[in-house]
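One structure, as structure tokens, below. Some questions next.
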Amino acid sequence: MEVLPQLIIESLLLGGFYSFMAIGFSLIWGVLGILNLAYGSYIILGAYLGLILFRYAGLDPILSIPVSLFAGFLFGVLVQKLIFNRAMKLEPFMVLIMSFGLDVLISNALNLVFKADVRSITVSYGGDSFIVGDVIIAKVKLLVFVLSLLLALLLYLFLSRTWTGRAIRAVALDREGATLVGIDPAKIFLITAGIGTAVSFSSGNLYGILQGFTPFDGGLLTVKVFLISILGGLGRIESALAGGFLLAFIEVISSFYLGEGWKLFVALVVMVAVLIFKPRGLLGSKYYGET
Amino acid sequence: MSLLVIEDIHKSFGGNKVLRGVSFSVEKGEILGIVGPNGSGKTTLINILSGVIKPDGGVVVFKGKDITGWRAYRRAKLGIGRTYQITRLFTNLTAFENVMIPLHYGAGEKTSVRRIEEILETVGLSHKIHSYASDLSLAQRKRLELARALALRPELLLLDEVFAGLNPVAVQEIVSLIGKLREELGITVVIVEHVLKALSQLADRVLVLAEGKVIFSGKYEDMVRDKEVIKAYLGERYGETA
Amino acid sequence: MAKLNWLVLGTILLLYALPPLLSGYWERVLSSVFMLTSLTYAQNVLLGYTGYPAFGAIAFFGLGGYTTAVLMIKVGIPFGISLILGGMVSGLVALLIAPPLMRLKSHYFAITTLALQIALAELSANIEITGGAYGINLPIYKGFLGTTIFYYLFLSVLLLSFLTNLFIERSKFGYALKAIREDEVAAESSGVNTVLFKSVSFGIMALITGLVGGVYAYWITYIDPESMFDLLLSVKMFVALLFGGVGTVAGPFIGAFSLELVSELVWSEFIEFHGVVLGAIIVLVILLLPGGILKSRG
Amino acid sequence: MRNLLLFLTLLIGFSFSAEVLKLGAAVSFTGKYAKEGDLLKKGYELWKDTVNAKGGIKVGDKTYKVEIIYYDDQSNPNRAAKLVEKLITEDKVKFILGPYGSSQVFAAAGAVEKYDALMVQGGGAASKIYKQGYKKVFGVFNVAPDYGKNLIELATSFKNPAPKTVAIIYEKTIFAEDAAKGALEEAKKKGLKVVLFESYPKGVQDLSSLMIKVKSKKPDIVIGAGHFKDSVLVIKQLKQFKINPKFVGLTVGPPIPSFVKELGKDAEYIFGPVQWSRAFKYKDPLFGSTEGYIKAFKEKYGEEPEYHAAGGTAAAMSLQYALEKAGSLKVEEVRKALLSMKLETFYGIIGFDETGKIVTKKMAVIQIQNGKPRTVYPFQEVKPVYPKPEWK
């Protein structure tokens, strides 16, 4: 069996999901300057929401995406208002630690409600695969890939075509400048936190279709979205895409050739190198707040 | 021999060429003013001289030594002191401590209370010796920053817009202070300034930077009549603010 | 403020006399408290005085612990020497990586040290000498003083880290660090070799943290990547530091003691809820007490 | 005044509690072992209630009611050690029921060995536990290598067609690596060709690269050693990649009810070793028989017991009968009683070697058939299905 085509397909399928998953994190970081370590737990929250809708309302996880987008938006705005707004004048790393506290809180609260059982959203059409020549494509992965890119495209159109989207990008690039042209950053922060969290919730939906999850899975996901944001750079959809596909590629290749156990290590080493030697990410877009 | 010689300094940020081949020299005991419209590269030049940033090309020679690749702290020890356009004090430390640090690490002197008082006295701040830097007024902060530079026992003092934001009385006080430093301590001064009036009283010689190049070097009186200089300023929106 | 520092020193010295009055449990609780306090003091050198938040400082806890354990078990060097070597290896590694690493600031620095911590955990799970996921078992210590020896060891590391902080607070060396904290560019143009001093500061943090890790390894008798590179420990250390007061000599002591003792007494009452409570405490400490109980200037 | 009253109440309470034997357990209620910790506690609680309903434990001429003090070790070894020390020195407990997880067992053992105390545990299966020279730590779980060994034993007993190659993949944890090595050794012994022996990290979320490797090796047997979550992932991805070995065995997962719930039809015909199975047919001094135990468990919790809970009950029972046999609360006497024990229980024959390891008990292997874990080895509840049909 020729493995390289299979490895490339795997990287692409995984990369699509990674990219979408990281957009919210990257957006919040790029626009608000908040490195939200609770993001992974947001994703898991979304997964549980998808599970509840699936189990108790019989809603197909694809159909529940609008619900989780909406719920995520509300949750994001609420958390921003109640917690992060009060902390935004503090040192960025203080906010970082606070967001870790939020992560501990959310994951333990989920554990109280759902216990540590592994849950998953098993859709009837999820198990099978297509065979194209030598390459096997799992249906469920393809589905998640397509949905991820579709949602990313919608978000891209929103950011580039609507007034609000342009205002968000303006604030990301130059907070003071945006204020001068009449944009209210406080409002933009709320909207961005909402959108970012909406992305995390809906990627939780997709995550739940892909695999099983427990309340404490958020940490590793946070590490991943962080890796993606550093590798690709911040604040643009393209950056998240570049970072997402790159991380997937690094993971798939290193785990095939070095062993599964090495993939996170390799990804982290690449990331530290990028941070030190090319701190604007490989695409070179701007980190907000950098002088 | 000139105290400071710089030759063909180049620097760009991203694709933006800020300095393109700047050369000049400063004689010992001289007060040199550097003026130019916004974005002409004045602050970049000061940063290159003090070692805060590295030039892309060119040479900086101080006291006969090629210090182009030296880091800022070594230049400080060698006798280059500076101030900043927006003061960069150790805000959560007292005036005493602000002066003590360069005295110890820069000049390598024993840090006696008397010596620190003396330095603060020079800039007229001895009554604020135990105040925190963050509690000082803008004029006092500028003086303290000057005192911190003086604690290095510098031979060359680089002043970056030291008058910006001060009222005329305070400007006048600092003008006479700088004059006094040159008279009494023989310190050479390079002063980047927007406030041209202050320069007219102080500078022995004035350099004009425009678009990363020296377009004029000479006496203040000649500068204000120079065609190139007038064009450079009037062509700019921001113009002369004196 | 100075009075408070002497009070802390007095308390530390008094604690040396306490073991005969303590049950094994309280000895262990206090040992944990000393451990957290030392880690907090180590971090205070870096964050409090130099202004760099090493969120992943526990990387050096693991490095020190693993070095100590490997030297003891695989090389056969006695504990005392292994411990000191473990601390030194941590410190040296930190010194070496500091110059490139410390070009990053604030949360970029924080998160890069965290990446380092996770990378080291992954590495130790993957290579042979650390026992991989098997970890390393150390023998149960049965010599002089029995396990009370660990109480004294932790307390001594605490004393050492306290004295280091006191020295930094008062010495010229400390002023170089404070200058870096206040304004790195200005420090450099005041003649401070910032790269050297911040690297040394990072090294001191790592040295103390590594020593604590070494004592922990022998004390707990079994180490594996997960327990030696525990993210929660990093966070507890930061919360203790922020709670007590960053950049003060007494703050870390007050912060770590109150956090650890309160949690010990209260959390056994909240078996199911304490994770939620811990999360809430972290959020609240930062929202309500961003300067800590003891405020350093500013 | 109120304090005095409180003190008096305590004093009175204390004098009555002379009839009570306090045991202690630091178990994970939160953190990553919260699930297993909860099951373990259920096992302990069922035992406690049953014993107390029958009057209590008879030690010498006294009969004690049992009380268990629980603490949450938060899945953290340092806390486990601290809490065991608290149980021993503050709560004056001499007999400890073990925590869940090998790391926690190690840490707790350190504290137990230090004092005049003793621990029986049904939560750690790492073989290293018995290589530390502990004197007062006993375990009722077969050690992890047995998990892999039993699977290979069963697989190589099939002849039609006989398997020739095996791929072993395992999670990088102390338990799983131990189990994988057990499988590896047995495979070599049985003359199988090991075409792949590779690990993946804990908390893995995708195994595609590894699956591509497995597929390219076309093994007859696939052994997955890990924990529940990655076991589910292994099956899902074997199917996605259309990898069809003749025998698929997982060390952890198949016996747990949610395995079938998660995987549905894809769980069919997967093999898994178990410490204990409902198909065991043993007599039991407390519950009557294995069947009796299952019934009692169902009555109390409304669900079938699985082996984590059974291990907990068995650990507590061995302690109980050692106490009764010793007729003394002296640790040294109880230890001797444990060392010479040979007791038939619902869980199997319980007997320990010098290191405290259980040596008289068999493991079993189950296979999922029609959505139920059915024991196929060594007790045969149903006939095993081999070779495994292709994925549908």
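Letters A, B, C and D mark the chains in the order given here, with residues in each chain numbered from 1 onward.
In this text, a residue touches a chain if its C-beta (ideal position, glycine included) is under 8 Å from a C-beta of that chain, and two chains touch if they have at least 3 such contacts.
If you're wondering where the values come from, they're calculated on a predicted model, not measured in any experiment.
Trainee: If we look at subunit C and subunit D, which chains touch each of them?
Mentor: Both subunit C and subunit D are touched by A, going by the contact rule given at the top.
Trainee: Calculate how many whole Å lie between the centre of subunit B and the centre of subunit D, each centre taken as the average of the chain's C-alpha atoms.
Mentor: 75
Trainee: Between subunit A and subunit B, what is the gap in Å from one C-alpha centre to the other?
Mentor: Centre separation, subunit A to subunit B: 48 Å.
Trainee: If you average the CA atoms of subunit A and of subunit C, how far apart do the two points sit, in angstrom?
Mentor: 32
Trainee: What is the distance, in whole Å, between the centres of subunit A and subunit D, each centre taken as the mean of its C-alpha atoms?
Mentor: 37
Trainee: Quick check on subunit D: which residues sit in contact with 2+ other chains?
Mentor: 30-31, 172, 199, 201
Trainee: Name the residues of subunit A that each touch 2 or more other chains.
Mentor: As it turns out, subunit A has residues touching two or more other chains at 108, 111, 259, 261, 264.
Trainee: What residues in subunit C touch two or more of the other chains?
Mentor: In subunit C, the residues touching two or more other chains are 122, 125-126, 232, 272, 275.
Trainee: Determine the shape of the graph in which chains are vertices and touching pairs are edges (line, ring, star, complete, other).
Mentor: Graph shape, chains as nodes and touching pairs as edges: none of the named types, so other.
Trainee: Run through the chains and report each pair that touches.
Mentor: So, checking each combination of chains, I get A-C, A-D, B-C, C-D as the touching pairs.
Trainee: Across the complex, what residues on subunit D touch subunit C?
Mentor: Subunit D residues touching subunit C: 29-31, 70-72, 74, 76-78, 81-82, 85-86, 88-90, 103, 106-107, 109-111, 113-115, 128, 131-133, 172-174, 176-178, 199, 201-202.
Trainee: What does subunit A use to touch subunit C in their complex?
Mentor: 35, 83, 86-87, 90-98, 100-109, 111-112, 219, 223, 226, 259, 261-262, 264-265, 268-269, 271-272, 275-276, 279
Trainee: Which residues, counting only subunit A, touch subunit D once they are in their complex?
Mentor: Checking each residue of subunit A against subunit D gives 1, 3, 6-7, 10, 14, 108, 111, 115-118, 120, 122, 127, 129, 131, 136, 138, 140-141, 210-212, 214, 216-217, 220, 251-253, 255-256, 259-261, 263-264.
Trainee: Give every residue of subunit C touching subunit D within the complex, in rising order.
Mentor: Contact set of subunit C toward subunit D: 23-26, 28-29, 32, 122, 125-126, 132-135, 137, 139-140, 146-147, 216, 220-222, 224, 226-227, 230, 232, 268, 271-272, 274-275.
Trainee: Which residues of subunit C touch subunit A in their complex?
Mentor: Against subunit A, subunit C makes touches at 53, 55, 100-101, 103-104, 106-112, 115-116, 118-119, 122-123, 125-126, 231-232, 235, 238-239, 242, 272-273, 275-276, 278-283, 285-287, 290.
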